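Heads up, there are several structures right after this.
Look for chain A in each of the two complexes below; its partner is chain B in the first and chain C in the second.
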Partner chain A sequence: MTAAGRLLRLELRNNVMLWLLPVAGPLFWFVTFRPGLAYPPMWNLRATAMQTSSLAVFVPLVVGAAAWSGSREGRHGVTELLAGNARARWARQFGTWAATTCWAIIAYLTCVGVLYAVTAGTAAWGGPLWWPVAVGAASLPAFAALGFTAGALRPSRFTPAVVAIAAFLALEISANFIQGFDSHWQVSPLVANPWSLGADEGIATFYRYLPDLAIAQILFLAGLTAALMGLLGLPAGAGGSWLRRSATALTIVGALCAGTAVALAGTGHLDKNGMIAIPTLHNSAYDRPVPYTPVCSQTPIPVCVHPAYSRYLPAVVDGLAPVLTEVVGLPGAPVRVDQVAAAYEQGSDNDAGIARSGAAISGTPPVFNVLLPTQMAHRLSAEELTGEVRVGMARDLVQNLTGGGRGADDAQEAVTEAMARTSTLPPGSPVAEAARRFTALPAATRHAWLMAHLPALRAGQLTLAELP
Partner chain B sequence: MTVLSGRSRLVTLHLASRRVPVAVAVLLTCALVLRIALHRTWDAYGALQLPLFFETGCAVVIAATTASPFGEPERATGRWLPLLRLGTVLALTAIAVGALTALTTGAHLAGGSLGVLRNTVGSTGIGLLCAVAFGGSLAWTGPTAYLVAGVYALYTQWHGPALTTPVLWPARPSSDVKAAVCAGLVFVAGAVLVMVRGSRDSLTRA
Partner chain C sequence: MNVELGDVTRRFGRTQAVDGVSLEIGTGVFGLLGPNGAGKTSLLRMMATVVPPSSGRIRLLGADPGAYGPRRQIRRGLGYVPQNLGFYPRFTVLEFVEYFALLKEVPTARVPRAVAAAVERVGLGDKATAKLRTLSGGMLRRVGIAQAIVNEPDLLLLDEPTAGLDPEQRVAFRALLRELGERATVVVSTHLVEDVGAACTRVALMDQGRIAFDGTPDELTARGAGTSAAGDAPLERGYSAVLAEVRS
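After this line comes the complex of A and B, so read on.
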């Protein structure tokens, strides 16, 4: 084994990060694993949430441990004694920092591995997202370097404690400064997808996870690591002249990389698929939709969703079922209901518009295209989703059939209300009364009337008095 | 006169050995930085979480002062040591709470003065317990880990299900008696243990 290998082995055995692993494990379970499993088993949701929350677990511990390790020589008052050591101080410090980083990365990958293994067993579609893992892993050397440098430059009993809290504070509040999708602050490794969109099932489902921002973040973190570790080699006692020149070069290159990454993050924009695209780093291959085989219901009119959404299918079918039974076989009725991707549009500041991509009805025979509600994971129970589908998608489907919606006449409004089983009309009004009468008809009678009169109703040729 | 000067010299030496002057400077700096930070308008997360970071910052500094540079010789000779330890902890906690409260007067501080008192006292208690268990130098690990849990508990107030256990007192309203009792008990336990046993000699000198 080489001298460097032996040094690393010694440092690994004595490193304080090893003592902190029993703290990191339960914290990861509490802050990342447990909430992660509360999300539906969708890779995009769990991986992006993991990136944000796991950093909150590891960063303060890694920074504190690294600061403690970095201040070792100073705390023990042996800096001058070790000046005559065969190894340059910078090389010794590298060994200590590497050991701290190694334990941190091992712990991080183990924790993430468990989360991913559990997700792999339950996910309905897709595979692991590795970019969030890579950003998290790249963060640990950078934050270890931050803590280590602070500890080495200011060795004190207070340094590990204060630097750990300060680094955690800086990490957490960095998200507060994100204003708009071209914010430089998006370079913060906390950010896995557009910050204001939250846990959105539609992102990285119909299209691949866009790595533009992750690449910029990794570049930033690598640059930060290099610059901070380079700083340690600058003082006179750090090593020989060639070593200090190397440290200077490392610091400059690191600072340039970090600065470039910050600049790149500032050129980002919200792409139509809901992720941050950075033109310089963008690969257009990621703009192509991911092929998939939809999961469909066994209903008179099949309802088909993306396989990642298969757990939502029963609730969606429950919401649509009354309307599907009503419209099946009618002239112009859709032969299938298809889930389509959302189209994202950048607004001002952190606002974004989310709409259905494409038309509501497409193809011959007609297919009705629907956009499922966004951020369902934490917002809606199955019953709430059914209710939202009933008043939103089901009514939308009926309106497309009857010609209801904006600018609809009274007859169209009444039939739409009756078929969608909603109550949006003023109680007691003639339209509401007509809707009530139409609802009260036997289903067969209603269906027969619609078969005969739907084209005329859609064309706006019927009056309220002509309704049965 | 000789007795008085002897006692004051003992106190001075004890405080110096624990780096108390530096600790007081850091505590005041924490309070000052919080005051400056509160001038900015923070979003809901930031406004709630910000004081907790500074309260925990004060707690880890207080916990770090428990580390003794002398170890066994001090324990063998110091008759007044338990009282000095307790007095130092109580004085620093009072300074921290006082500074955080006084310097943030007039600013919009989430949780108010009661929140500052509860969170600082509770986190300090965790730090003192960790000092007894792991040594003063590594006492920061407990309050820091608790800060992570506390920040997450605050986050769940928006993104449910909300954590409402009084054991995670930062997420409870400052008027919550159970949360205050939890924090107080932890502080009392930590202070008593530090007074009686002192901080453990560091588990690792690495």
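After this line comes the complex of A and C, so read on.
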């Protein structure tokens, strides 16, 4: 084993971060693991939520442990003893910092590994998202360097606590400065996807996880690490002239990398797939849809969803079932209901518009394209989802057949209301009465009438009086 | 000569800690005596390359410590026990000495044997795996000596090394000093004249930053003979006589 390896082994055995691991585990369970499992078992949700919340656990611990290690020589009065040794001070400090970082990364990867293993056992489709893990892992050396530098420069028993709290507050507060999707503050490693959207089910499913922001964040964190570690090599006692020149170069390169990353993050924008795209870093290969085989229901009109959403299929079918029975075989009725990707659009400030990408009905024979409510970052129970599908998606399907919706005439509104089994009309109004009468008809009669009159109804050629 | 000092001075603010010291020290045990504030520790720190001199020339182990490369070379052959010896409480004796062996750039393959030998030489073999926080003050002092000799230094600098040692340990330590002095230059700064008498081949007495006496212990003893200088032992009387002479 080399001298550097032996030094690292000694530091690993005696590093304070080792003693903090029993604290990190329960904290991760409480802050990240438990809330993470409350999300549906989808990789996009759990990975992005993990990136944000796990840093709240690890950053204060790592900063505190690194500051404690960095201040060790001063606190224990060993500076004099160490000063007369051949190995450069910077090399010695590097070993201590590396040990703190190693333990932190081991702890982090273990915790994330458990979360990912549980998710792998329950997720219906896809695989682990590694970019959020990479950003989290890259954060640890950077924050360790921050704490270590503070501890080395101000060796005191109080430095670790002060720096840990300050780092935690700075990290949490920094995200609140994000305004719009072109904010430089997005470089904060807390941000996994558009900050205002939070963990979002609509991303990284139909399209791959866009790593643009993650790359900028890793560049920033690597630059920060290099700059801070370089700073420790600048003082006269840190080492020889070659080492100090290297440290100067490291500091400059690190600062340049960090500055470049901040500038890049400021050029980010919300792309149509719901992620932050940075033009300079963007690879158009990520804009191609990910191939998948949909999961379909055995209903008169099959309802097909992306396999990642297969757990929602029963609730969606329940919500659509009454309408599907009603419209099957009608002229212009869809032969299939397909889930499509959400399209994201940047609004003013932090607002983001989420809508169905493409037309409601497309192709021949026609296919009805739907956006699941869960793709709009709603967290719904099965019953709530069924209700939302019934009042939203089912009504939308009927409206596309009857010509209902905005600007519809009374006859169209009445038939739409009757077929969708909703009650959006003022009670007792002529339209509501017509809808009630139409609903009360036997299903076969209603279906026969629709077969004969649906084209005319859709064209707006029928009056309320002409309804049965 | 392993130590060559030419008109060396060291200032700390307005305080002139070392004032024009010139010394040449070869192999053997060299005792540095003097009252508190005489400048012994400052002189030793300069010889340990911890602080540079304000002026004057220093050559250690044949090299100039002013430049980084030679300084690093000197430090490979240097052992130093400062007056205030800090330690890492969580390290074991072996780990602490190994840590310093690695910092002194002892060849990696030799480290385990060198560490074990150093720990045995200071009589801490049975405490090798004990955490430093569990050791007594005297044992910690011996750990400090072990880290200083782990690289088999050509120049060993010891500042008050016997403070905290019990009489038995001091006797053993003096024997160790004599053994080390056979092949290396050992500079011992101390208040305890009996240490000097028992272990040193040469002694210098410092007062107010200057060398007031430089000679053998017998010569120092002779300076006190026939005088009314204070002291319980002949060497102490010599010490007191030289100081009284310088200050008169």
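Here is the rule we use: the second predicted complex is superposed on the first by the 463 of 468 C-alpha atoms of A that agree within 3 Å, B and C clash if a C-alpha of one lies under 4 Å from a C-alpha of the other, contacts with A are read in each partner's own complex, and residues count from 1 in each chain.
In this text, a residue touches a chain if its C-beta (ideal position, glycine included) is under 8 Å from a C-beta of that chain, and two chains touch if they have at least 3 such contacts.
For clarity, every value in this text was computed on a predicted model and none was experimentally measured.
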Give one of first, second, both or neither to describe whether A:160 is in contact with chain B, with chain C, with both, or with none. first
Is A:173 touching anything from chain B or chain C once the two structures are fitted on A? First, second, both or neither. first
Once the structures are superposed on A, label A:86 by its partner contacts, choosing first (chain B), second (chain C), both or neither. second
Look at A:240 in the shared chain and tell me whether it touches chain B only, chain C only, both, or neither; answer first, second, both or neither. second
First, second, both or neither for A:14, with chain B first and chain C second: both
Contacts of A:76 with chain B and chain C, given as first, second, both or neither: both
Residues of chain A touched, compared between chain B and chain C (which is higher): B
Which partner does A:103 contact after superposing on A: first (chain B), second (chain C), both, neither? neither
Just to be sure I follow: which residues of chain A are touched by chain B in one complex and then by chain C in the other one? 14, 72, 76
Which part of chain C faces chain A closely enough to touch in the complex? 45, 48-50, 68-69, 72-73, 75-76, 78, 80-82, 84-91, 95, 98-100, 102-105, 108, 111, 144, 147
Contacting residues of chain B [partner chain A, same complex]: 19, 22-23, 26, 42-43, 45-46, 49-50, 53, 56-57, 60-61, 63-65, 67, 134, 136-141, 144-145, 147-149, 151-152, 159-160, 203-206
Within their complex, state which residues of chain A touch chain C. 1-3, 6-7, 10, 13-14, 72-73, 76-87, 92, 239-241
Quick check on the complex: what are the chain A residues that touch chain B? 14-16, 19-20, 23, 27, 30-31, 35, 53, 56-57, 60-61, 64, 68-69, 72, 76, 156-158, 160-162, 164-166, 168-169, 172-173, 175-176, 378
